[in-house]
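Here's the structure we're looking at; comments come further down.
In order of appearance the chains are A, B, C and D, and numbering begins at 1 in each one.
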Amino acid sequence: MNALLQQAPSWGNTLWFILAAVILLAVLLGFVTYAIYFERKVIGWMQLRIGPNRVGPLGLLQTVADVTKLLLKEDTRPKHADKALFTLAPILAYAPAFAVLAVMPFTESIQFADLGIGLLYYIALSGITVLGVITAGWASNNKYSLIGGLRSAAQMISYEVPLVMSVVGVVLLTGSMNLREIVEAQRDVWNIVPQFIGFAVFIIAAQAELNRTPFDLPEAESELVAGYHVEYSGFRFAMFMLAEYVYMFGMGTLITILFLGGWLPIHPALGFIPGIVWFVLKFSLYIFLQFWIRATMPRLRVDQLMSFAWKVLLPIALFNILLTAVVVSYQNGMF
Amino acid sequence: MSEEKRRPTPEEKAQAAAEARAKAEALRKLREQEEQGAEAAPPAQEEAQAQAADSQEEVAPVAKPVSEMTPEEKAAAKKAAAAEAIAKAKAAKEAKESAQQGDGASSAEGADAEAKAKAAAAAKAKAAAAAAAKAKAEREAGGSPADGGDDDAKAKAAAAAKAKAAAAAAAKAKAAQATGDGAEAAETPKAPSKNQPYLDKYVLRITEKFGKEVLEASYINELAKEVPTLVIQNERWHEIAQFLKEDGQLAFEYLSDLHGVDYEDRMEVYYHLYSYKNRQSLAVKVKTSREQSSVPSVMDVWNGANWNERETFDLLGIHFPGHKDLRRILLPDDWVGYPLRKDYVQYDEEV
Amino acid sequence: MLGLAKGLGYTFKKLTEKKVTHFYPDVPFPMPPRFRGIQHFSPEKCIVCNQCARICPTECIQLTGKPHPDPDKKGKIIDTYDINFELCILCDLCTEVCPTEAIVMTNNFELAAYSRDELYKNLKWLDDNNTNVREEN
Amino acid sequence: MNQNILTTSVDTSSENGIRTEEMLLNVGPQHPSTHGVFRLVVKIDGETIKEAIPVMGYLHRGTEKLAENLNYTQIIPYTDRMDYVSAMTNNYVLCHAVETMMGLEIPERAQFLRLIAMELNRVASHLVWWGTYLLDIGAMGPFLYAFRDREMILDLFNELCGARMTFNYMRIGGVKWDAPPGWVDKAKEFVQYMKKELNNYHQLVSGNEIFISRIKGIGKFDTSTALDYSLSGVMLRATGVKWDLRKDEPYCIYDRFDFDVPTATEGDCMARYQVRMAEIEQSLRILEQALEQFPSEGEVIGKVPRVIRPPAGETYVRIESPRGEIGCYIASQGKDKPWRLKFRRPSFTNLQILPTLLQGESLANMIVILGSIDIVLGEVDC
C-alpha cells in the first residue's frame, strides 16, 4: 500500500485505492455487525439471558436483520428541521470515524498510510465527529436532541484534552508519533507497564469519547430518550450507529497499538502465531471490557462528568507527562 | 372496652384474642338470625349491632401497641381482673346495643339523657385514666418523632380533671367494678370508646377557643376503628384547621386523606388527620351545599391538601377558595361535569 | 474504585451462570393448576342462573336461555353465551359463583388476534376450548 | 395547563451580551423514566430546572366511580389494577375496610396467608423499584437481576392464586385459595434464596461509587416538610420518622412478628435507597417467621353473609403498602354497593412534593428524584 502511495496518481492505482477502501469498509461492516451481536450476547449472558438467538443459527444474523430493517424504513425528517444540516450530520459523524482508520497499522504489512504523525492525524480527525453530533442535535429541531448535542459537545471536547495528554507519555517514551514506530518500540515491554497511569486515563477518556457507559450522557436514554439522534431513523440512524461502532473500532485499534503492543506476541517464543491474530485478540479484549462495563455501571451526571475530566483526569494526565519526562530525561542522562 | 383488656401480657393477649373471637362468633350468629328476621329494620339498629361487633373485634388490635411496653408497665395490674373484665365487657356490649337502639343519634354531642349521663361520666373517667396510662406507655415505648413529654403531662392532667368532675359517678362505677358481677355491670351502659377522652379533649380545646357553634357535631366513629370525628362549620374551618395543626396539644401536623362525598342533599369533605406527636387520629367533616359547594382550602395549612383538593374539585366540583392552583388534575381541562356527583351524566355514552 | 470492581466481579461471575430464558413459543409455558386462563364453557351443565353475568365486574358475559326442549322438564337451557375478551379481565369471579361448574378456567392463555372481532368468543368456541381445564374451581 | 409556565423569559442582560432563553421541555407522557404515562412540563435554563409542573390522569379509569356501581366482591379485581406492582396490599385495604365496618372475624390461616402474600408482594415491589431505579440511573444489569428474582415471587403467586400480577386473591372475610401443597416450603426456600441474593445486590450496586455520587444528597427534605406534604412510607421514614403502620397501628397479624422499622435521617435519595433495601430484609424476616408459624390447617374464609352489606356509616382504614400509606374510605348506605369509595393512594400523595424538589435541580437529577419517590402510575391516576 505504501508503495502505491509513492506512485504518481493514475487510473490504475486510484482503482486500487478504491478497492482497498471498499475492502476495509466491508471488514468494518462485518466488524460492526458482529460487535453488535457480540455486545448483545455478552450483556445478555451477564444478565442471565441468552441474547439474540432467533435469526439464523445462534442468532448470528440478528444484526443483519436489524440493519435490513433500518435500510428499508421510511426516511423521515421532522417538519421544521434544518434540511441541509439534518442530512449532513450523519455523514459528518461517520466520515472522520472511517477516515482515521487509514493510518492504523493492523500488522506490519496491513496498513494504508504510514504517516509520520499518525497519532496526531487520528486525534485531529476524531475531533470532527463532535461536529456531526452537535449538528445533528441542532438540526433536528428537538429539545432532547439539542440538549444531547450540547452535552456531547461539552463532553467530547473536555475528554479530548486528557485523552491527548495521556498519550503524550507514550510519545515521549517512543520519541515518535508514527504509530508503527510506537508498536516497534514495545518489543521489550508493552507500554501498558511503564505508562500505566496514561493507560488508565486513556481508557477512561476513551470511554467518554465514545459516549459509552458510564459516560453515555449524550444518549442517556433514561433522561434524554436518545439524545442527539432522537429524531433520526432508518438509514440516517444507521449511519450514527455505524459511526459509533466504527469509532469504537478505531479506539480499540489505537489502544492496542499504543499500549498493548499492537501485533506483537506476548512472548517472542509465541511469534509463530501471525501478528493479525495477536492484534485481534488484544483488540477483542478491549471491546469485551467495553461491554462488561456497560453491563455493570450506572451513568454519571453531566456536572460530575465535567468536573471529573478537568479536576481529576487532566491533572493525572499532566502528572503522567511530568513523570515520564523526568524518567526519560534521566535515562537520557540529563541528570 | 374496659381498660383491663388493653394491657395484658402476651399470654393473656392470646387468650383474650381467642375469647374475643369466640364472642364475635356468637354475636355474629345472633346478628345473622336477627338479620333474617328484620331485613328491613331501621339502619340505626343494624348499625348498633355492627358497632358492637366491631368494637368487640377491636379488642385484639387495640391491645397490640402495648406489646411494646416494658414489663413493669404490663405489671401486676389487671391479670387477676381479666376474667371479670371479660364478663363485664360482654354485659356492657349488650347494654350498649340496647342503648344505641334507643337513641340512634346518641353519638351526637350532648344527646345523652340524664340517666345515661352518670354512667357515661363514669365510663369516661375510667377511660381517661386508662388513656393516660396508655399514652404514657406508648410514649415510653418510644418511636415518637416529636418530643411530646410535657404535652403528655397536660393530657394526663386533663384526663384527671375530667375524672374528678365525674367523681360521684366514678365512685359508683368503681363499686360496680369491685363487685365485678355481670348482673351489676349490666347497669353500666355503653362501654365508652378508648378514644372518648381524646374526643372530649378536642372538643374542649376547640370550643374554648372558637365557641360552641363551630362544632356541628362530634362523635366517635365506631365503624372506622373508633376515630374521633368532628363536624365543623364550613365558614370557620380554615382557622380551625390552622388551630388543629398549630395548637400544642392537638398538633395534627399530618393530613392523611382529604376527599369529598356527595350525599345528594349535601356535599361533605372528609379529612383524616394524624398527630405524630400524640399518636392520635382525628376525622373532620365539613359540609357544604351541592349547588354552590365550596369549602375553604387548607392548602396553606397542610401542603398535602394541594392535590387532594384539586382531585376533589375535579371529580366532585367542590370549590376550595384559597387554593393557589385549583384546576382539574385527573381529567382533561375541557371535561364537562363532575363524574363523582350522583347526578352526573356521561356526555359520551359510547364509552 | 472498590465498589466498581466488586460490581464488575459480580457481572463477570454471571457470565457463565445458568440462563433463565424460557424458550416460550417453541416450548409451551407450563402454568400451575390454578392458573386463570381463558374460560371453558360446557352448555350441558349450565342452568341459566345468570350469576356469572351478574358477578362479572366488567360486564363482558352475555347469555340468553331458552325453555327446555323436553316439555316435562322445568327450567331453561342455554341458548347463547358470549364472552367479550376485549373486556374480560380473567378475574375468576364467574367461575367462583357458578353453581354447576359450567364455566371453568383453563390453562390456555393465548388470546392475541389480528382483529378485535375475533375477541368475541361464542358458546361454540368456549365449549371447544376444552384443553387444560382447571380441576379446582 | 398552567398559563404561567408557558411563558419563558429571554434574558438579554447578561454581562457578556449573550442572549439566553428558557426552554420548555415536555418530559412524558411517553418517556422511558416516568414509569408509565406521566408527564412533567419543565421549564429549564440550560439543564437547570426552573419550574416543573406534573400533569397526570392519562391512566385515569375512574375506579372510584365504577366502584359505586359494583358490589364489594366485584371491586376487588379493580383494586388489583391500581397499584399493579403490589396488588396484594390493595386487595387487603379494601377487604380490611369492609371487614372493619362489618366486624368480621378472619380465620387464623387466612390471616397468615394474607400476611405472607402481602410481604412477598412488598419484596416484589421493592425489587421492581430497585431494578427500575438503577435503570433510570443508567445501569442495565440490576434491572434484570431484580426481575429474575421477582419472577420467582410471581411464580409463587401464580401457584397460589392463578395470576401473576392481578391477583384478585383476597375476599371479604378471608382469601380465595388455600396454599397449595408444598407452597409454603417453596416460599421458605425463596426467602432463604432472597436473603443471599440481597447481599449480592449490595455487592453489585450499593458500594458503586458512581451510583453513590448520583444519589447522595439529591432530593433532600426534612421531617417537617415531609409531614407537611403528607408523605408516607419510605419517603417519611427516610427523614427519620420511625413510623410504620404495620408496627404502630397493627393490622392483620403483624403484631405477632418481630421486625424493625428501618429509618434513615438524611432524607435524600440515598436514604430512601437504604431504607428500601433494609425493608426488603425486614420483610424477609417477617416472612421467615410467618412461614415457620404457618398453621397446619384451618379455614381460609370466615363466616361471611352471602350478600355483603356493611352497615350504614363511613370508615377509613389505612395500611402500609410498599409505597406508603394506602387508605380506603367507604361511605355505605347499608347497601351491597358502596355509596362512595375512595382510595388514598400513596403514590399520588407522595408525588406532590416533586415540583418542590425539582426546583433548581438538573435534568439528570430529575430522573433520580422521580425514581426515588417510587410511583406507580396506575395508582396515581386511579
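Everything that follows uses one rule, which is that a contact is a pair of C-beta atoms (placed from the backbone, for glycine too) under 8 Å apart; a residue touches a chain by one contact, two chains touch by 3 or more.
Note that the structure is a prediction, hence the values are computed from the model and not measured.
Farthest chain from chain D (centres taken as the mean of C-alpha atoms): A. Centroids built from CA atoms put chain C at 44 Å from chain B.
Inter-chain centre distance (chain A to chain B, centres taken as mean C-alpha positions): 70 Å.
Centroid to centroid, with C-alpha atoms defining each point, chain A and chain C lie 53 Å apart. Once the centre of each chain is set as its mean CA position, chain C and chain D turn out to be 28 Å apart. Taken residue by residue, chain B touches two or more other chains at no position, since every residue touches fewer.
Within chain C, the positions touching two or more other chains are listed as 4, 7, 10-11, 14, 20. For chain A, residues that reach two or more other chains under the stated contact definition are 46-49, 295-297. Chain contacts in this assembly follow no simple pattern; the graph is neither a line, a ring, a star nor complete.
Across the whole structure, chains are in contact as follows: A-C, A-D, B-D, C-D.
Across the complex, chain D meets chain B through its residues 1-2, 56-57, 60, 62, 64-65, 68, 100-105, 223-224, 227-232, 240-243, 247-251, 255, 261, 303, 305, 310-318, 325, 327, 329, 331, 333-334, 339-340, 342, 344, 348-349, 351-352, 381-382. Contact residues of chain D toward chain A in the complex are 23-26, 31-33, 47, 134-141, 144-145, 148, 204-205, 208, 210-211, 213-214, 362-367. Residue ranges of chain C in contact with chain D, taken from their complex: 1-4, 6-7, 9-11, 14, 20, 31-36, 55-57, 89-93, 96, 105, 134. Residue ranges of chain D in contact with chain C, taken from their complex: 70, 73-78, 80-81, 141, 145, 148, 151, 155, 158-163, 166, 168, 176-177, 180, 200, 203-212. Taken together, the chain B residues at the contact with chain D in this complex read 21, 24-25, 28, 32, 35, 43, 46-47, 49-57, 61, 64-65, 67, 143, 145, 221-225, 227, 253-257, 259, 261-263, 270, 272, 276, 279, 283, 302-308, 311, 315, 325, 327-333, 339-340.
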